[in-house]
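Here subunit A shows up in two complexes: once beside subunit B, once beside subunit C.
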Partner chain A sequence: MSVKMEASAGKLSENTLMIYGIVVALVGTYLTYLNAVTGIAVFSFFGGIGAIAALWWGSDTIKHLCSYGLGTGVPSAGMVAFGAGAIAMIAGTKFGLASPIVTLVLAAIIGAVIGYCANNIINMNIPVMIFSLMKLSIVGALTMLGFAAMCTGTFMFNGLVIGGMTLSMEPAEAAAGGAQTFMVTVLPEFASSLIGGAALTVIFFLGAIALQHPFNACLGPNESQDRTLMLAIEVGFLSMFVVAVMSYAFLDIISATVGVVVSLIGWVYSYKQYIALSKRDAYAWLDAKPIIEVGGNE
Partner chain B sequence: MEEIVLGIGITALAGAFATVAGAAEDTESDIGSQGDPNSQVQLAPQMGYIHRIFNKAISGEPPAYGAWCAIGAGVAWALMRINFNPALAIILGSVIAVFVQGVYCTSGYLGRTASLAKFQQPVYIDIIKSLLSVTMAHAFVAIFCTVAMCHLMATALHHPFALPLLGLVWGIALGAAGSATGNPFYGKERQYQNQKFGAGVPISASGNIVRYAEAGQRSSLDNGWFTTKFAGPASGICFGLIVFLELWRTVLFEKTVAGWGAIIVGVILILIFTFIDRWIEVWGRKTYGPYTAAEEASS
Partner chain C sequence: MSALGGAAAGGEGINPTGTLVGIVILLVSIAATYALGFSIIPLIGIIIGGALVGFGVHFVPVGGAPAAMGQAPGIATGVAMLAAGAGLAGLFGGAWAFEATGDFAIAVAGGAVGGGLMMSITCMMVNATYVFAMGIPAASGKVAKDPITGDTFPEYKSQGTEGHGLPFISFFGGVIGGIVTGLGGTLIYLALLGIYETGLPVIMQAETAAIQPLAISLAGIFAIGFFLVNAVLAAYNITGTIEGPHDPKFKRVPRAIIGCAVASAFCGLISMLIVLNTGM
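This part shows the complex of A and B:
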């Protein structure tokens, strides 16, 4: 039985964060459907906003899970969230317009199974484990779905394996895959899509690192919720920037540029806020000053 | 025959890229203080040892470098999809990956250090200013070499994996090689030069890392200076050998016994290396191990 250590109590309760996170993530993902309604892809960046909301909520969930003496397990929690979320997200996108909802439900089920295995079979005995892993799986799935929707302009499976809504279907020999044989594998022209070209890998890792980073970077006795959450937004926008650059391969130039601009504005703002909050919380903010000796035998 | 000669040439080139990448990666992580040695940097203020060492809390090196190389490869892949020149695409991809890496470095240092206010560890903002460019430059070399190597595998050797996935796999391998090979030079040796040689790190010395240099106060750049001599090249040789032998066995033996040839050769290579490792370990213990002699003398 692990002992619960203190996690900084913040102004926002975990349930409040969860409601905001899920609602904004789902709404953001659904807003990318405006692409299909209007026929222009400039609404893709809403997917990224939804993914940031999911990451923002998830970083707080990780904090509560990892306050049970899992200090070095913080990065692993990010990985397991996205591992579970990837299955749910890829399976969930097969359900057409209902994809985001189905993804959420599937992720909750997969997370519950993983949490049950960790708690009752491996006997980790952490009280919040099952519920936390359910939430983290949802975070992973919704983040990947949001970023995938932002990158390709659609959250439907066909768009993700064949290409974005404005994709011209030329086989990209230059793009690593192409129809080539190596041992026994034959890759058709799916290689130029988000999933077939393995660009989803980048989204997976962007999200996993961004999910674990806020609490991993800010943990310590003086961790404060607003700083950690601001860092979550900052790394979220940073990940969104990379996804926006990658979306040049799938969307038209204007839509992709809108994504880049939105993410850069958000990143600059949140990064400045984060530095200000760090300055507020730091013991001292020194420039080229010597070590202050407080004890310890040198 | 010509195909195999080309394959061996590509293999050698990829191995050279990997060697440079490994050396740069390890130097970067030692200057930035990433991976397992960072736990001592994190612990030091709690034990009363305020220090001026970079505290780059991102995650272990394998996931972190997996992410950077995947970003570099992914952006390069996307740019090549819209007909960018591969060289330009790889450079731009690496630049964006290094930008992300640099931002993560600053937020890791600021976050961890600000959360240690209780132990009176100040944020030394000049550490970020002076060290960030150095770590980012090393990271660029590491990421660029890895992504270029992956591009060679994808296009010249017709690897079935797409470029972003290759970037992820080899990025994780790069981080693992640097973490396993290079970090002991930093974490077990350089941080604990005030302890008796070969003593390991006793619990009572936890957090008591070396904070003062020969003259003045130790900066993480001094750690880079120390580890560049042995840790960087050792990591480079490690990663270079991994890449070279992996490709070498595939290129030469892929067609033998319906594809099983490469797997059999791989198993044989693992056995050879297990034997060499064991032999070096036993030889090292016999030649340098201080414990048996000390215990006999004291009893």
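This part shows the complex of A and C:
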């Protein structure tokens, strides 16, 4: 049984963050469906916003899991979240319009099984283990789904695996009058798609780094919730920027540029906010004080 | 040692209830796979591959932050990072070998060699850094004598440390770990590739040759996901640092094998849902 050493009491409770994270991630992912409704792809960037909301919530969940002595460092939690999330996300996209919901449910189930393996078979005996891994798997799956939706403009399996269409023309028999006729068939191309070209792996690691970085960078005796969460938003926008650049390969120029502009504006704003919060926390430590023991069982 | 100073969790011994429930989950996953009309041979391959990854990770000498300061033996990074490096190198090697030859045995051997090569290069460069840049000799803190070479350690061990550097037994363990994890990762990849190569053309109504890049990409992404899940579960079993096969923590390995097998079985079942015809 481990002793809980650290958890900065934040203004926002874990459950509040979870509700905001799930709702914004799902709504953001569903807003990309406007692409299919309106026929233009400029709504793709909402997927990235949804992914950032999931990362924002996930960095707080990681904080609660890693404040127990896992012994393996914070990044491992981000890796397991996206390992499980990738499986749930790809399997979940098969379910058409219900994909985001199915992805969420599948991720929760996979996370519960992995959490059970870690907690009861491997004997970690950490009270929040199963629930935390469930939440982290959902974060991983929703982040990947959001970024994939932003990159391709859709969250459905066919859109993610079919990169384009090629026309194949084969000469058919000569028609009456001696004119040559051709048989035209439309062949889907898989190698140039998000999954077929394995570009999803880039999204995988962009998300995993963005998930594990905020708490890994901010942990310590004067960790404060608003600063960690602001860093999560900042690295989220940074990942979103890379995804927006990737989306030039899949979307039209205007839609991809909208994504780039939104992510750049978001990144500049959140970076400035994060620096301001860092200065605030640094100022609080201006006169060196002994390290405050937060929590614990004293 | 946690970065946050919390006591490392994880007791010794096997939890009988948890293990029993785990085995039930494993059997239910196999039964569900059979009931959905899939062949269970690929799932068995995934389970064995996952268990091999969990087993192999325990051989890798992981030092973490203390090793970076020369206060503990091993490679100075976390378990998940090292295992991912070795396993993914093996995975690429195996995938390449399968692409070139199409032979199962050569692909698995290629994966094992890829992982072993990656770990041996890492261990050698780590030792070069330790010896020539940090100026510390290799000495284990857990055993007095190297089980293979017979070198003695206590004379070289600095006071107040748990040992430092990378002794031969840890180097040996690292290479074995790379071979086993690379083999496991390649086995998972080949099992998934088999499922998608036969399943995807049917549900996508496309030619086998056209669907090939998609099958390879899907199998690769899933294999990375499986690999990271199993590596992190094994890392949780180790809780921090391990010196190699001579470390007392190595005795915990059965728990990791069971845990990884159960997690792989369930994730394998989910990954097969892709080629299930849902009509959507």
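Heads up, the rule we're going with is that the second predicted complex is superposed on the first by the 253 of 298 C-alpha atoms of A that agree within 3 Å, B and C clash if a C-alpha of one lies under 4 Å from a C-alpha of the other, contacts with A are read in each partner's own complex, and residues count from 1 in each chain.
Here, a residue touches a chain if its C-beta (ideal position, glycine included) is under 8 Å from a C-beta of that chain, and two chains touch if they have at least 3 such contacts.
Note that the coordinates shown come from a computational prediction; the quantities given were computed from them, not determined experimentally.
Participant: Just checking: does A:Ile275 make contact with subunit B only, subunit C only, both, or neither of them? Give me first, second, both or neither.
Facilitator: A:Ile275 contacts subunit B only, not subunit C.
Participant: Identify the partner contact of A:Tyr68: answer first if only subunit B is touched, second if only subunit C is, both if each is, neither if none is.
Facilitator: Only subunit C is touched by A:Tyr68; subunit B is not.
Participant: After superposition on the shared chain, which partner residues are touched by A:Thr201: those of subunit B (first), subunit C (second), both, or neither?
Facilitator: After superposing on A, A:Thr201 lies in contact with both subunit B and subunit C.
Participant: Quick one: is A:Val37 in contact with subunit B, with subunit C, with both, or with neither? Answer first, second, both or neither.
Facilitator: In the superposed model, A:Val37 contacts neither subunit B nor subunit C.
Participant: Touch check for A:Tyr283: first (subunit B), second (subunit C), both, or neither?
Facilitator: Once the two structures are laid over each other on A, A:Tyr283 reaches subunit B alone.
Participant: Taking the superposition as given, does A:Ile87 touch the first partner, subunit B, the second, subunit C, both, or neither?
Facilitator: After superposing on A, A:Ile87 lies in contact with subunit C but is clear of subunit B.
Participant: Given the touch rule stated above, what does A:Val242 touch, subunit B (first), subunit C (second), both, or neither?
Facilitator: A:Val242: touches subunit B, not subunit C.
Participant: Of the residues on subunit A, which ones does subunit B touch that subunit C also touches?
Facilitator: Subunit A residues touching both partners: 72, 74-75, 79, 187, 191, 196-198, 201, 219.
Participant: Would you tell me which residues of subunit B are touching subunit A in their complex?
Facilitator: 39, 47-52, 57-60, 63-64, 66-67, 70-71, 73-75, 77-83, 86, 96, 100, 103-104, 107-108, 110-126, 151, 154-155, 157-168, 208, 211-212, 217, 254, 259
Participant: Could you pull out which subunit C residues touch subunit A in their complex?
Facilitator: So the residues of subunit C in touch with subunit A come to 1-11, 13-15, 17-19, 21-22, 25, 64, 78-81, 84, 204, 206, 210-211, 213-214, 217-218, 220-222, 224-229, 231-233, 235-241, 255-256, 258-260, 262-263, 266-267, 270-271, 273-274, 276, 278, 280.
Participant: Contact residues on subunit A for subunit B in the complex?
Facilitator: 72, 74-75, 78-79, 172, 174-177, 180-185, 187, 191-192, 196-199, 201-202, 205-206, 208-209, 212-214, 216-223, 227-228, 231, 234-235, 238, 241-242, 245-249, 271, 274-275, 278-279, 281-296, 298
Participant: Residue numbers of subunit A touching subunit C in their complex, please.
Facilitator: Residues in contact with subunit C: 1-6, 66-77, 79-80, 82-88, 90-91, 94-96, 106, 110, 113-114, 116-126, 157, 161, 187-191, 193, 195-198, 200-201, 204, 219.
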